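Should a chain be cited, it is by its letter among A, B, C and D, assigned in written order, with residues numbered from 1 in that chain.
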Amino acid sequence: MTLHDAAYRDHACLIVHGPDQAGLVAAVTALITRNKANIVTLDQYSDNPEGGAFFQRVVFHRPELAAALPEIEHDLAQTLEPYSMQWTLSDMSVPKRMAILASTSDHCLLELLWRQRRGELNVTIPMVISNHTNTAEDVRSFGVPFFHVPSQGADKSAAETEIVRMLAGNVDFVVLARYMQILSDDFLTAVGVPVINIHHSFLPAFVGAGPYKKAKERGVKLIGATSHYVTKDLDEGPIIEQDVARVDHSMSAVDLQARGAYVERAVLARAVQWHAEDRVIRHGNQTIVFE
Amino acid sequence: MTLHDAAYRDHACLIVHGPDQAGLVAAVTALITRNKANIVTLDQYSDNPEGGAFFQRVVFHRPELAAALPEIEHDLAQTLEPYSMQWTLSDMSVPKRMAILASTSDHCLLELLWRQRRGELNVTIPMVISNHTNTAEDVRSFGVPFFHVPSQGADKSAAETEIVRMLAGNVDFVVLARYMQILSDDFLTAVGVPVINIHHSFLPAFVGAGPYKKAKERGVKLIGATSHYVTKDLDEGPIIEQDVARVDHSMSAVDLQARGAYVERAVLARAVQWHAEDRVIRHGNQTIVFE
Amino acid sequence: MTLHDAAYRDHACLIVHGPDQAGLVAAVTALITRNKANIVTLDQYSDNPEGGAFFQRVVFHRPELAAALPEIEHDLAQTLEPYSMQWTLSDMSVPKRMAILASTSDHCLLELLWRQRRGELNVTIPMVISNHTNTAEDVRSFGVPFFHVPSQGADKSAAETEIVRMLAGNVDFVVLARYMQILSDDFLTAVGVPVINIHHSFLPAFVGAGPYKKAKERGVKLIGATSHYVTKDLDEGPIIEQDVARVDHSMSAVDLQARGAYVERAVLARAVQWHAEDRVIRHGNQTIVFE
Amino acid sequence: MTLHDAAYRDHACLIVHGPDQAGLVAAVTALITRNKANIVTLDQYSDNPEGGAFFQRVVFHRPELAAALPEIEHDLAQTLEPYSMQWTLSDMSVPKRMAILASTSDHCLLELLWRQRRGELNVTIPMVISNHTNTAEDVRSFGVPFFHVPSQGADKSAAETEIVRMLAGNVDFVVLARYMQILSDDFLTAVGVPVINIHHSFLPAFVGAGPYKKAKERGVKLIGATSHYVTKDLDEGPIIEQDVARVDHSMSAVDLQARGAYVERAVLARAVQWHAEDRVIRHGNQTIVFE
C-alpha cells in the first residue's frame, strides 16, 4: 500500500526478529498498548513453528511520537531482553536517505527520481553519482545533486574511495540503478549501509554480463529482472523482488533489452519502496517481505 | 499458502471484527498466550484508524485444542464483551462441508473436486446437485454423491425446496459452479449458509447473461471472471476474487468462452480455498481477504 | 516488437481492408514482389471466412522507397480496384506527428515524452497543450513546445476552437494524456484526425468520472486502464488496449489511483506505439490490432 | 485461438522454412490461389532480412481437400524446389496421435486428458504409459488405454525397449507429463517422433532434480515451469512455452510444488496445443511459435 507523507506523521515501524518463542507477540503488543500507541498494521512470520526464526513488523501510531521514542526504546530493550530478540524502531516521518549510483542508462534512475517526486517513495535523495555525465541535466531538473565520478580503468580503488567519502554519513542506503561497475568487497565494507541492485535477468538464470543476449540464445519465452541486496558474491545476494515480461521469437536481443527496461524499473522501484518502508528483513541469503 | 491436513491439527482460527479500539490487539494476543496457545499467523486491518471498523484473523496452535476450546471460547466472550466485538472461533482440523450446485459445464466442478482430492481445499464435499445429468459419472468417480434435481420451468420453487431440504443441516456453505439457474431470495434465506458464485466476467462489467458475447461485441482486450457471495441482487454481491486473461480480435465469443473457462476455474478455486480457511470477512458489500 | 529508427528506412506499411475475397493475399503479395520489394512481416485477419471483412497489414522493404512510392501506389490502386478494398500506404521512415493534450497529471504525459526520446515511439511531438501550467517546465526539458490553453468554464467552445486552430495541419493524431476536459462532437469533427484517450478503468466497468472511487466502493480485486479511440459517445469508443493491476481491501481510493497510474501509462504507451506503427485498424466499434 | 473440430474440415496447414529469398511469400500465396484454396491465416518470420532463415505457416481452406492434397503436394515440390525450402503439409482434420508418459503425479496428465475430451486439443490419445499404477482408473475413465511399464532399476533399457515397441507406428508425438525417468539417447533415437517435456522450473534456472527445493533455497519471488522438446542434453532442449507464478517467503518447498503444479499443467497444455496445430517450428535450439 502506498502511504503518503501525512500518513507517516507520529507513525513508527518496529522490526523484531530472533528465535520464535511463545508469548512473544503478546509481549510486543502489550508493550505497544502500555506506551499509549495504537497498532496500525502487524505482520509476522515464523519459518518453523517448532524452534524456528521469528520475524515481526508492527506499524503503530503514537501521538507525540518523537517525544515518546526514548521511553519506548527503553521499554523495548527491557521487554525483549529475556527473549534475545533483535529489534529496530524507526520514526516513519523521517525518510531514509537514498543515494543512487548510475551509468548511462536512465530508465531506472528516472523512475526512482520521478516516484520520489510524486511522494510514492518515503526517501530523500541527497545525491546521484554516475560514472557518466549524460544524465546530469535530467537529475538536476529534479532538484537532486549530480556528481560525476569517472571509472578509472582496471584499478577502481580510487573511484570507489571517492564514492565512499561522498556517501559516508550522508545516506542510509545505496541503490545501483543499472550501475555498470562491479563494486569491490572493500567498497561494500567501507560503505556500511545496505546496497540494492537491479539485475536484468530472472536470477538465478543468466548471472553476470549480457543477460539479454544469453536469454535470446537460450530462446526463453519470458525475460525478467531481479532486485537484490548486494553481497560480495556477484548476483548472489538476497532477492527482494522479481518480475517477468513475455517475449517471442521475433525479438532480437536489443528488443529484449528495450522491453526488459520496463520490468527493471518496476521491480527496482518496488524493492526500493519496500526497503524504504522497512518491509524487507534479511535472513541468511533470503528475504522476508511484508508487502 | 497451501496448508495440508496435518498442518491443521490442533490449529484454531479466530476471526474478530467490530469497532476499532486501542488495546484490542493486545487483549486478543494476551488471551491467546494465557490459554497456552502460540500464534501462527496474525493479520489485521482497520478501514479507518480513527473510529473505523477492525478486522483480525489469528491462527494459533494449541496442543489438545479440542479439549481446550470451551474454555477459550468462554475467555473470548468475557474478554471481548467490553469491546462489543463479533468473533468466531473454528477448529481448523474440522473441514467445512461444501455442497456444489452445477449445470452442464464441468470445468469449475471438476476443478473443485480435483483440488479437494489433492488435499488443497480444506473441505469435505457431501454432495453435488445438478439440474443436468451429464457430470454424474465424473462426480461419482471422486467418491462424491451426485443428485439430479431437474429445473422445472418458470416456477422453480419446487426444485429450490427440494435442494434446500437436501442441504439443510448437511453443509456449511454452497458453491455455484456455473449453476445456470437464478436462485430466489427465498432460497437464499432458507439455505441459511453462505453461497459463493462464479460469474464469467470481470464484474461490474457485463452483468447478467451472455457476458462473453457482450465482451466480444464491446471489443475488450481482456476477459475476466469474478467469484462473489450471492445476495439477492444478481451479480452484485461482495467480490472475493477476480482475474483476467488476454484475448484478441481474432477470437470469437466461443473462443472467449473457452479461454475464460480457465480463468473461471482458477478464480473460483481460490475463492473457495480462502472461504474454507476463514480468510474472507464480509463487510457491507465488500470483503476483507487475508490471503 | 520495438523497431528503432534505422529499421524504418525504406520500409513501407500497407494496410488493406474490405470484403474478404479469394486470391486477395496472392494479389497483394504478387504486387509487392513485382515492385521489387521484400515482405518483412505480414498479418491478416478475416472476421468470417464466408463473406466477412478482411484486414491485412504488410510491412515491406523496398530500396529507394521514396522514389518508388508513386508507382507502387498506382499499382495498388489498379490491382485493388476490382476487389473494392480500402488501402493506405505509409512510408515508415516518416514518423507520425502526435500532439498531446494534458491537464495536471504528469504520469502519462512524461511517459510518452520519455519513450519518444528513447526512440521507442515512431512519432514526433510538435506540441503539448494543457489547460494547466504545472508541467510546462518538464515538457520543455524534452525540447517539446508547451502551450497553455485554459479551460473556460461551462462554454468550452473558445478553448476548443483555439486548440483546433493550433492542431490544424500540424498533427496526424492527438493523444489525451489524462486530459480532464470532455471534448465536444464539434471538436472531434473539426480536428479531423484520430484522437486516443486513456480511461482510468477497465472499460466497460466504471464509465465516466471517479472510476477509482467507484472501484473502491464496488470492492473489486483488480483495477484497470483502457486506451481507446475517442468517439462522440463518452468512454464508448473502440478499445485499443487494456490492462489491470491487483489491489486489495487495504487500499484506499487514493491508493488505487496511485497504483493505477502505472497501469495507465503502460496501456497508453502501448496503444500509442501500435497506432504510430499502423498496427491498429478500426472496424465498427472494435479494433484489429496486429501486435 | 482455439479451433474446434468442425473448423478443421478441409483445412490444411503448410509449414515452409529455409533460406529467406525475395518472392517466396508471393510464390507460396500464388500456389495456394491456383490450387483453388483460400488463405485463412498466414504467419511468417525471418530471423534476418539479409540472408537469414525464413519461416512461414499458412492455414488454408480447400473444399474437397483430401482429394486435392496429392496435386497440391506435387505443385509445392515443384514450386519450392528452386528455393531449396523444406516444407510439410498436413490435413488439419486428421488429429495427431499423442502418447502420454506419466509417473505418480496426475495434474499434467489429467489436464491433457480433460482438454482433449473438451475438444480443445487437436489430438487423439492412443495410450498412456506409466511406471506407476495409481492413475490407471482415472485414465481409463476417459476411455484411454493405460499401460503399466514399471521402471527397472539402474538398467532402464528393457523398459525403454518395451515403450518404444508400444509407440512404434502408433503415435506422432510423445508427451512426458511429469514422467520422472530420464530417457536415454537410444530411446530418443528409436522413438523417432518429437518428445515434449514439462520441467518444473523457469529454465535455465534450476536445471535437474528438485527445482522447487532449489527455488526455496535461493529465495526467488516467482516460480515457473517450462515446456520444451527433449534432446539428449537434459533440460537443454528448445523451449516451447514458459510461465511463472508469484510466491513469497512464507511458502515452503512443498507449497511451491503445490502452486507450481498449476503453472506446469497450463504451460504443458499450451505447448501441446501449439505443437498439435503445427504452430511450433524448431530452429537450432530455439523455437518459432506462431501463436
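The criterion applied here is as follows: a contact is a pair of C-beta atoms (placed from the backbone, for glycine too) under 8 Å apart; a residue touches a chain by one contact, two chains touch by 3 or more.
Note that the coordinates shown come from a computational prediction; the quantities given were computed from them, not determined experimentally.
Note on connectivity: the fewest chain-to-chain touch steps from subunit B to subunit D number 1. The chains in contact with subunit B as well as with subunit C are A, D. By the residue-number overlap criterion, the interface of subunit A with subunit B counts as same, with over half of its numbers used by both chains. Contact count check for A-D and C-D (C-beta pairs in contact): higher for A-D.
Centre-to-centre, using mean CA coordinates, subunit C is 37 Å away from subunit D. Centre to centre, using the average C-alpha position, subunit A and subunit D are separated by 42 Å. Among the residues of subunit D, those in touch with two or more other chains are 45, 250.
Listed in rising order, the residues of subunit A touching subunit B in the complex are 22-23, 25-26, 29-30, 32-33, 38-46, 49, 61.
Across the complex, subunit C is touched by residues 1-2, 4, 107, 110, 114, 118, 120, 137-138, 141, 250-251, 254-255, 258-259, 262, 266 of subunit A.
Residues 45, 202-206, 218-222, 224, 238-244, 248-250, 285-289, 291 of subunit B touch subunit C in their complex.
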